[in-house]
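I've put the structures underneath this note.
Both complexes shown next keep chain A, but they swap its partner, so chain B is in the first and chain C is in the second.
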Partner chain A sequence: MNQTPKKMVPKAPSKLKHYLTGIIVLALLAWSYWRSEASIVDLFTNRDQMATIIVEMFPPDWGYFLEIIDPMLETIRMAVIGTTFGAIIAVPIILLCANNVNRIPWISYPARFVLNLIRTVPELLLAAVFVAIFGLGMIPGIFALTIFSVGIIAKLTYESIEGIDKGPMEAMTAVGANKVQWITFSIIPQAAAYFVSYVLYTFEVNIRAAAILGLVGAGGIGLLFDSNLGFFNYPNVNTLVFATLIVVVIIDFISNKLREKLL
Partner chain B sequence: MSQLSTQTVDKPKGRGKRVFNRVLILVILAAIYVWAFSGVEEFKIKDTAGQISKAIFEGIIHPDWDFINDEEGLIYGLIDTLAISILGTFISAILTVPFGFWAARRRSKGGFFVTGVGRFILSYIRVFPEVVLAIIFIKAVGPGSYAGVLALGLHSIGMLGKLFAEEVDAIDHGPREALIATGANRIQVLVYSVLPQVLPGFISYTLYRFELNVRGASILGIIGAGGIGAPLIFALQSRNWPRVGIILLGVIILVSLIDLISGYLRKKIV
Partner chain C sequence: MIEFRNVSKTYPNGVKGLKNINLTIEKGEFIVIVGLSGAGKSTLLRSINRLHEISEGEILIDNKSITAAKGKSLRMFRRDIGMIFQNFNLVKRSTVLRNVLSGRVAYHSTLRTVFGLFPKEDVNLALNALDRVNIVDKAYTRSDQLSGGQQQRVSIARALAQEAKIILADEPVASLDPLTTKQVMDDLKKINQELGITTVVNLHFIDIARQYATRIIGLNAGEVVFDGPVEEATDEKFQEIYGQQLEKEQQRGPVGAGAE
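== the complex of A and B ==
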């Protein structure tokens, strides 16, 4: 009798967990502040130097635009080819990874593991390794972007495929389709839009990535970043950034329009 | 009847247009590929390529285990990388909050112009490569982890700002109107209706960005901004493949661990 009213009063949820989270986050921050030798004071004592750089960057050297058209086109070429090869290689990997296409767990899990491994390798490192093999130029950049694209496209697409409608797959099984027919008529019609949309997204990412690959000698506009930074030519650096921005915005616009139509 | 007849007239027309669109897309694609491949330099394999590939492969399967515990070795570099990405992500998350509200479509009453400017600034920051930012910060604060922290902190605003703005756009206006109806002031409205709705999204995106920043921080050292990148570029330049192998292994393990932890936390939050 006595206990019933007590039980009915709702207890405020414990805030201990939130406090603990807060303490852990603060401890991590304090540790990284100390570890990275960060110092707010430094930022203020060196603010003149920073301000000089920023002031020097504006206005960008617009005359330089004409000179960078060729390397910019080279960067776009690298991104186009890298994304395409990446997309082609991604297809079998997607089919192996998606567990509603490939029902054998001891194949799909290792395939995902390999895919995750690919995704952890930074693209600049890939480019550096390929430069060592193939020498300077576009080719190592294309190879690096290809592997980089496989990681993104395969991961995003297989996750969407796992969420597609089961009906068509069951229907194809019911009519006795073989594996190839089964994939062609139940998976591909549902997955194609996602796939194309992710390929376009990867293409945008690749344009940005390709812009820095030149830092390790893999062709494109990154080579110019390297030389201009070496000569402290900040207006030119800013021109490069603006040129990349223009290309990215245009591609962003086109691919958004295409994706809206697809999905 | 009239409906039926219009349908029969419309159908072939729509189909013709669709076929035309498909053909157009194919032609454009073909043109792009012809253009792209025509610009590629001749693909020639150097005589040394096979030898180098073999050396790389052997180096990567026989990593230089001694490097793990070296002073300023693998562990040291990886911990530096982790510290850089934690602090960089935190700085960017704090700096991004105002940008998120600025670039959100619904909240800004200044309309298209204000939102447009916010979005333009975010795009500009996004395309500014973090490596280039790091080089600039090295000039300002000297080489080391701190330059890396600042570069990541600034560069991440570009992507986080876009994601935060989308989150703010998607909020439910019910609670806000309810609070306004009870006579709450602006700060109370923000604290009790807007923040509770956007905070889980903000935290989840910040964790996602943290995963990307760990990858980013592992290459910043290439240009002298601290972390594991510095020994990596030395090893690459001196063709010390066993060392490249162990560093690669270290980066893969660190990134995978962070992905696991952060993926688990994100699932719990959402």
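== the complex of A and C ==
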């Protein structure tokens, strides 16, 4: 029973590729560590400095809470409006990018290229550019978040749409639906839950992003972070960190609960 | 009436899906197409409403060429042809009623359907269609809560609501158990007899084909190898047609089998 089978057995595939991949990854890691002069030792030798700042941060200035309510609400409003605008603009882009909706490759590939281009620009850079164009305030922040949101929502949704059941699409073709009816009855009911879920997720990300946009002058709580850090007012910084933490945790919690219900 | 005139289909990789098919299907017939996997059953059926394109020849429906139709006129052809699929192809997240109403979209303007404003008559039509397949009590249930057999009956109701003159069913019972198979086939037969809707069904099993069909068409390697009433479709006849083919498949082993 234990002899080699008589019929031709294919040769086991070589493992060389896996080993090579491992070596390349390790080499990249070592090179990055060496060139960036990253040093875990530094983290420990500078611990005194860290301790000083942390000690200075306590106790937080609780009286400062009342003053930051307005900028905090401004941050939330920026995130709400930016996410909403982004979601609306994302819809046509999604339909152009998904290759099971738009079967014309010379439209879907350029659309994806533009989308990837949008996604390569960090939101802080976008905000800085819009501040230069529109001046200080919420408006550049909202525009930056809008474009940032389009990138996330469109990318995640079109990729989900490419994975949906194609049965209903075939059925809608067979009943003689035109393209708009076809999308309304086979794509939208299947994609809506994903879309809403990604919009909520983007809102979570935007709250965090909006909190730092003030660093470049684009409104919200970030302006206060910037000025307090500048004045070495660590108790106020601590209050800001706490307030931001609370808002982010609450919004993440609500958004997560809603998304669980959706999918 | 459906007419195939010298219809052939060649896939881009050179495989012949259909070879010079000539068929005439009369109004009100209940036709079952049988054949082994990869014989071209699905290609033949789907070429009727052009879910698959043919490479040569022409298909006429009531003496008008669907092969030449484009845009709106193709959609009007399709509106009159109901289709039932192996995997039901319902939107699982939508209600049963909405799935049935989706069969009506080609009758109305885009704007009206996009906002879901179907007229009262359409809703009644949909409910009646559901009643005909005994599932009207599930009208407001989400489709993913139904069993496979129930979902297939909903898809039959969709074809009925469409007021189709022809129903095409591509392996409608392949993913169902024997009992629900009987219910679904009974529904199709009833609709065929009561409403006179021409019905063309693809099936794997010759015994079910004999039970329901008025005429059986046998396909093998893209060619019509049998076409006649049920009485002529005897076991001996099919042994003769497919026996050799089956033996050949077995000799070749599983590697060459099941080429689509």
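In this text, the second predicted complex is superposed on the first by the 219 of 263 C-alpha atoms of A that agree within 3 Å, B and C clash if a C-alpha of one lies under 4 Å from a C-alpha of the other, contacts with A are read in each partner's own complex, and residues count from 1 in each chain.
Here is the rule we use: contacts are C-beta pairs under 8 Å (C-beta built on N, C-alpha and C of every residue); 3 or more make two chains touch, one makes a residue touch a chain.
Since the model is a prediction, treat every value here as computed from it, not as a measurement.
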Partner chain(s) touched by A:90 [first = chain B, second = chain C, both, neither]: neither
Partner touching more residues of chain A, whether chain B or chain C: B
Partner chain(s) touched by A:186 [first = chain B, second = chain C, both, neither]: second
Partner chain(s) touched by A:176 [first = chain B, second = chain C, both, neither]: second
Chain B versus chain C as contact partner of A:165, first or second or both or neither: second
Touching partner for A:73 - first (chain B), second (chain C), both, neither: first
Partner chain in contact with A:101 - chain B first, chain C second, else both or neither: neither
Touching both chain B and chain C, residues of chain A: none
Complex contact set, residues of chain A against chain B: 28-29, 31-33, 35-39, 42-43, 46, 49-50, 53, 73-74, 76-77, 80-81, 84, 116-117, 120-122, 124-125, 128-129, 132-135, 137-139, 142, 208, 211-212, 215-216, 225, 229, 237, 241, 244-245, 248-249
Residues of chain B defined as touching chain A within the complex: 32-33, 35-37, 39-41, 43, 45-46, 49, 52-53, 56, 79-80, 82-84, 86-87, 90, 123-124, 126-129, 131-132, 135-137, 139-142, 144-146, 148-150, 215-216, 218-219, 222-223, 226, 232-233, 236, 239, 244, 248, 251-252, 255-256, 259
Chain A-touching residues of chain C, taken from the complex the two chains share: 49, 51, 74-79, 81-83, 85, 87-94, 98, 102-103, 105-106, 110, 113-114, 155, 158, 162
Residues of chain A touching chain C in the complex: 165, 167-168, 170-178, 180-181, 184-186, 189-190, 192-193
